[in-house]
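Two complexes come next, and they have one chain in common, chain A, joined by chain B in the first and chain C in the second.
Showing the complex of A and B:
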């Protein structure tokens, strides 16, 4: 779904304080390559049960992990992150950029054999903008002033103004069957537990809090997936997930840098069984200032802090090298990230000069700078339990002390962090992260109109030039012109330094070697791209006893 | 004093505590590195000649952090017990001397306090205030005075029946003089034992709180938070968990042995005293 951005609580959790040695159960030739073969079972783990299998209602990653296998969207991103058709064969944006026409592929069917038509698409659009649905993703679709279905294969949407994130929003909307849902209450319908889709898999069994079992949909509109059964086990604790991985009870999990860089390499028996994948994620960690407060309303102070922090030190020390320095709020290497901008260098001398220019001097000789008798001292908040961020703040504290800035660290439990400090704007500085989507629009984070409690511009950033660029970027469809707009936007941010970009982190995944056909190196779309082509060769499958 | 030196329990305890205290006091001279100095190129090094106890997840020298952490742990123990003893002795003395409704109120207060699981009370209070070393000391002190109160009250109940107390009252001594000059000095022996044992439990409490992130805050080291940092790496960096664990063990053991030893020495009915 088009969740363009959300706050990240924690990139990874704690590791369990115990270990279990598993002797090799069989001597399967995991390193041998086999031809693609249909069948088999893939077992994955995720931390929590989905609250609903209608994603527009659930709006959580646990739900999308399941529903992305069951429902199709009109458009999707291909492996290089360009838009491609999924249910749509083609689409056109009108010359005035206010109308988009989608042409569906002919012969689409739901898993129960009923035809999938533009009626279903229209129904899904009406459902998401319905007040009663209360979908967190409704706002993008409310901009559609009129939708039409001239025939069964055509779907047309009109907007008041050109809205370029529109295509991304349609790439996120999972199309639901009208014949199953019409007239039902979306929150209480049994469909949330027994969904019917058109994608590669259909839900076979759901044991709440234990697992969800998906089986191949023989009528899948995009063809047949290779693996027959997907099991998604619910294991809340990452440490327990790792133990299950070591015991060979699951085939895949997401890891933290320590597991990836230290634990697995030190255990040959795990290396023999697991492939590790790393891909730069679309997220970053930052130090953000409350721009409405002294002394952060002075750009020299913000720049001085930026120069005083050694980002590479944080990446090496906290992420064990598994991170990248960034200079714009986009994933490095994508077209939106401005290649002209270089991250602020680590230059304590420059930081001291800037602080002196701003009038700060150490008059009482205690190593901390003052101006008008007031010490340069502030509090940095972060969320308790996120080890990476807690360590990051300690490093920042050390380096800022060296240039004469005193910071106090406070780590607070997530829920009260958000309600007591972020929503009320009662903080000096925070260390947090943004998880971004593929759409470059960051109106919600940076536009000066987005500062109300609960909105995402909680640092209080206000720059008319950036506001204008963000508005421009939203109404521009031409990719090259958009790119230029967002490069200018990143440059304006760079000059203002309202936040210090600390690091863009890697997504780290371990997958059992029995699973073959995984794209390596990982494509820009992520390790899970084209997972319908993954296969498990017969000799490598788990031994299963079946009553036949 | 001679008796203490002849009691093997007390002697062992005294020795252990002396060593730990000495190390903590001399930390600035003994620590080879700045305990807060970060070296990301040297993270998680195993113990070696350069780093006797290895380095932690940020490349800080664990031996230096242990020494400075010891200061924090011991300071919290002493101050917290100081607070709880002062409160406990005062309330116990009043209750035991005046009896009647004063005694009833104070003893019911003790009962109420004892009925609340103290660790959870401390957790709740610290979460409400903000975690800091001062708050930890005060809160531990304010929640652990009850046993001292009971001890002192019991002593006072019997002391006030004794002839010398009656004599001083008969001579017209004021209450405060009887309490502080006559009764209190005679009731301090069991208090001393309880103080020593109290320090042990305060050190343990502080470590527990710091382990949960509610005690001493970064970058300041304490044994509890070194232990928490180590939890993440326990699969391959044993030194981060072993040394702070051992330090807590030795300190608590030391105070407990000393406490037990003192009890044996001072208690005339005890046969283990030699």
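Showing the complex of A and C:
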């Protein structure tokens, strides 16, 4: 894909050189700013069609991109990524930390005018924990031992023990209308094609595999969005998406670093009508070791490898500099990220010293270190088709060779990778990614109890101190105390170096300048935050929705 | 004749069962299932919920049992429901108790692909046959050479490259054609004539480009057939009789040269339902190719099996139709080979 993309881009350059500039004809005052105005149409592109518009069963990003405009949640993250109320006006955690009470805002309604009450919230909870519901996200809600609706505006949940990630889980559960879904089979209901929500937009039309059209919901519980119509076009190929952007048929697309850093800056006519945004994305790439195997059970080896890899080189080479080094599994600059920790420096000399300390020497002079006649050589797996990871491994290979470590690279198709290697624990090291979640709890990834096949601590990390911190963090609701716990947790991870944090890439977006009111600078919550305030001034609107 | 037809049709049943059995097992040989996709690799989801999902889809049962369950549904022509696409029916649309219709996945994708492929086949044939005839008649001269060169180029150019190039050229620089998609965003507000025009404009590039790259095969086929026939004795006889060149070429030679084309077209029948993944992905057209590719990547077994079953049934049917058409067109076969089968 990337090759092809590059090819077309270079071709575009070639052709453009001998062709008139098309975009000159449109001399709309894109740089002028206008007062906020309602109406207009915003056209976006995304690579795949949602499988369903009930997110709890769909679970993929295409679905959430649409449903986040249609359904509300009890809580949400504000622009600084702190929890705030959405449908809930307020919430209280009881003194024993086992009960959470949500107070809904008064006067909430669905788009059809029916009242939205705690009954709907209760119904949604029952739906997700239902045995027949095929939701991957049910487990957090199964911890609720009892839920109550003392009145129409109050929803109370009880847990067996204090469980602070619960708040995050309620911020992720989109509330569904009981009056539409009661008695229906969630998997076959036509609601998934024709949803009814309470948020800013309502689904107007869905042409499968082509586009979804959303229209403003006049009864939206959080007030009116400015833009009248949102169109999400399904364009799988990034090259085609870019051509549509060039032809001004779409207003926005997510880009890769080459488009962001090289192509758009080199084309003045695109630059004249596009704003580019970058914000740290929601995931990071890491090199993880199988800690149950030799030699990775030795912390000196892990640290040596960490020192031997130049992370900045990876960010520059793979992401054209559009990424950041991290020192903990949290977004830098957020509350959870420990500001005391600095990423492991690139220090090959230190790496060599550590390796020598661990007893590795190059006795036969072939450039590869040995101990007890065994070469320091291992295999790194990554998933096939992820170009960024494949390039990253090659850069790592070269740097490790310099300190006398030989690695072999193997890239494997995703499903085989997971079933044959990850689940069975049959690997030396992997290059993969994890989310930089908004919720600091990472029990599933690091707790020693989570090592069974199919669970996520597949590297076999086992540190009683970390276990304890993770348990503590899960049962603590006070943000400041939690922060302290997770800072300690990140520090312990840093000392153990069970994985090498390689890079956290930026999310890159281009949006047409006709769209105004975008928060600048981009808040921690991302460029799309508060998009209901975006507006397209009348003089800058498309005169008609063109043939495209 | 009738008994031959019945025998052939009956033979298709065990053939289909065999094909489905092999497809089913090969599909299950690929590691992983719907619960080991990239989106399922999320610490927020639990292994228990994945196990539950596996049990609900019967994926925890032995493959042979799963095949039995599938077969049991198939005899009722029930293609089942997709795993990945939220239980959408695989083939036919379904109505829920409120009367809302959920369209079937193949039902949605098939007409698009059929339309594109039939249009493409017609273009290929209507260009390929005359070009082949011309090349054969002017064998070794400039028309033959330039046609060969043109075909050679068409055949060697990667389709996606040509597509992106033309999308840029005819969509961005000279915006004559839409770049991607099947329908304009205001399609519903158009009248019938505008709708057809809209569809035509959207499908022009995705249909024409594969036809050009597919032209080489047909042209060469016709050319070689014609060359064979033109050197036959009966053509010499016809010439000796003083028949016009036109009559010889089109009445006597071409009809014979086209015989193998029947097989070719018969065999391309299953191809008509299998869209091209690359063209559909680049042009953002939700056809069969993309459906199948995505189903394989997601390990969406009911969809994969549904498409394979229809594909193999059509292949067998295409073979049969080709044989029948051949016999109808060629008296030699009707008398000799056919009854012997």
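Rule of thumb we're sticking to: the second predicted complex is superposed on the first by the 518 of 548 C-alpha atoms of A that agree within 3 Å, B and C clash if a C-alpha of one lies under 4 Å from a C-alpha of the other, contacts with A are read in each partner's own complex, and residues count from 1 in each chain.
Rule of thumb we're sticking to: a residue touches a chain if its C-beta (ideal position, glycine included) is under 8 Å from a C-beta of that chain, and two chains touch if they have at least 3 such contacts.
From a predicted model like this one, the values you see are computed outputs, not experimental measurements.
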Margin query: Tell me the contact category for A:442 with respect to chain B and chain C: first, second, both or neither.
Written below: second
Notebook entry, point to check: Who does A:258 touch here: chain B (first), chain C (second), both, or neither?
Noted result: first
Check: Where does A:97 make contact in the superposed view: on chain B (first), on chain C (second), on both, or on neither?
Finding: neither
Notebook entry, point to check: What is the contact status of A:149 with respect to chain B (first) and chain C (second): first, second, both, or neither?
Noted result: neither
Check: So which one touches more of the residues on chain A, chain B or chain C?
Finding: C
Note to self: Just checking: does A:240 make contact with chain B only, chain C only, both, or neither of them? Give me first, second, both or neither.
What the structure shows: second
Margin query: I'd like to know which partner A:78 touches here: chain B for first, chain C for second, both or neither.
Written below: neither
Check: Of the partners chain B and chain C, which touch A:391 in the superposed model: first, second, both, neither?
Finding: first
Margin query: Quick one: is A:456 in contact with chain B, with chain C, with both, or with neither? Answer first, second, both or neither.
Written below: second
Notebook entry, point to check: Now for A:472: first (chain B), second (chain C), both, or neither, which partner does it touch?
Noted result: neither
Next item on the list: List the residues of chain A that touch chain B in one complex and chain C in the other.
Entry: 15, 19
Next item on the list: Give every residue of chain A touching chain C within the complex, in rising order.
Entry: 4, 7-8, 11-12, 15-16, 19-20, 22, 43, 48-49, 51-52, 54, 57-61, 131-132, 134-140, 172, 184, 187-190, 192-194, 205, 207-211, 213, 231, 233-237, 239-240, 243-244, 246-247, 249, 383, 414-416, 418-420, 434-435, 442, 444-445, 452-456, 545-548
Check: In their complex, what parts of chain A are in touch with chain B?
Finding: 14-15, 17, 19, 258, 262-263, 266, 313-314, 316-317, 320, 384, 387, 390-391, 393-395, 397-398, 409-411
Item checked: Contact footprint of chain A on chain C as seen in their complex -> 30-33, 36-53, 56, 81, 84-88, 94, 96, 98, 100-103, 108-109, 160-161, 164-165, 167-169, 171-173, 175, 178-188, 198, 201, 281-286, 290, 294, 299
Margin query: If we count contacts the way the header does, which residues on chain B are in touch with chain A in the complex?
Written below: 36-38, 40-41, 43-44, 57-59, 130, 213, 217-219, 231-236
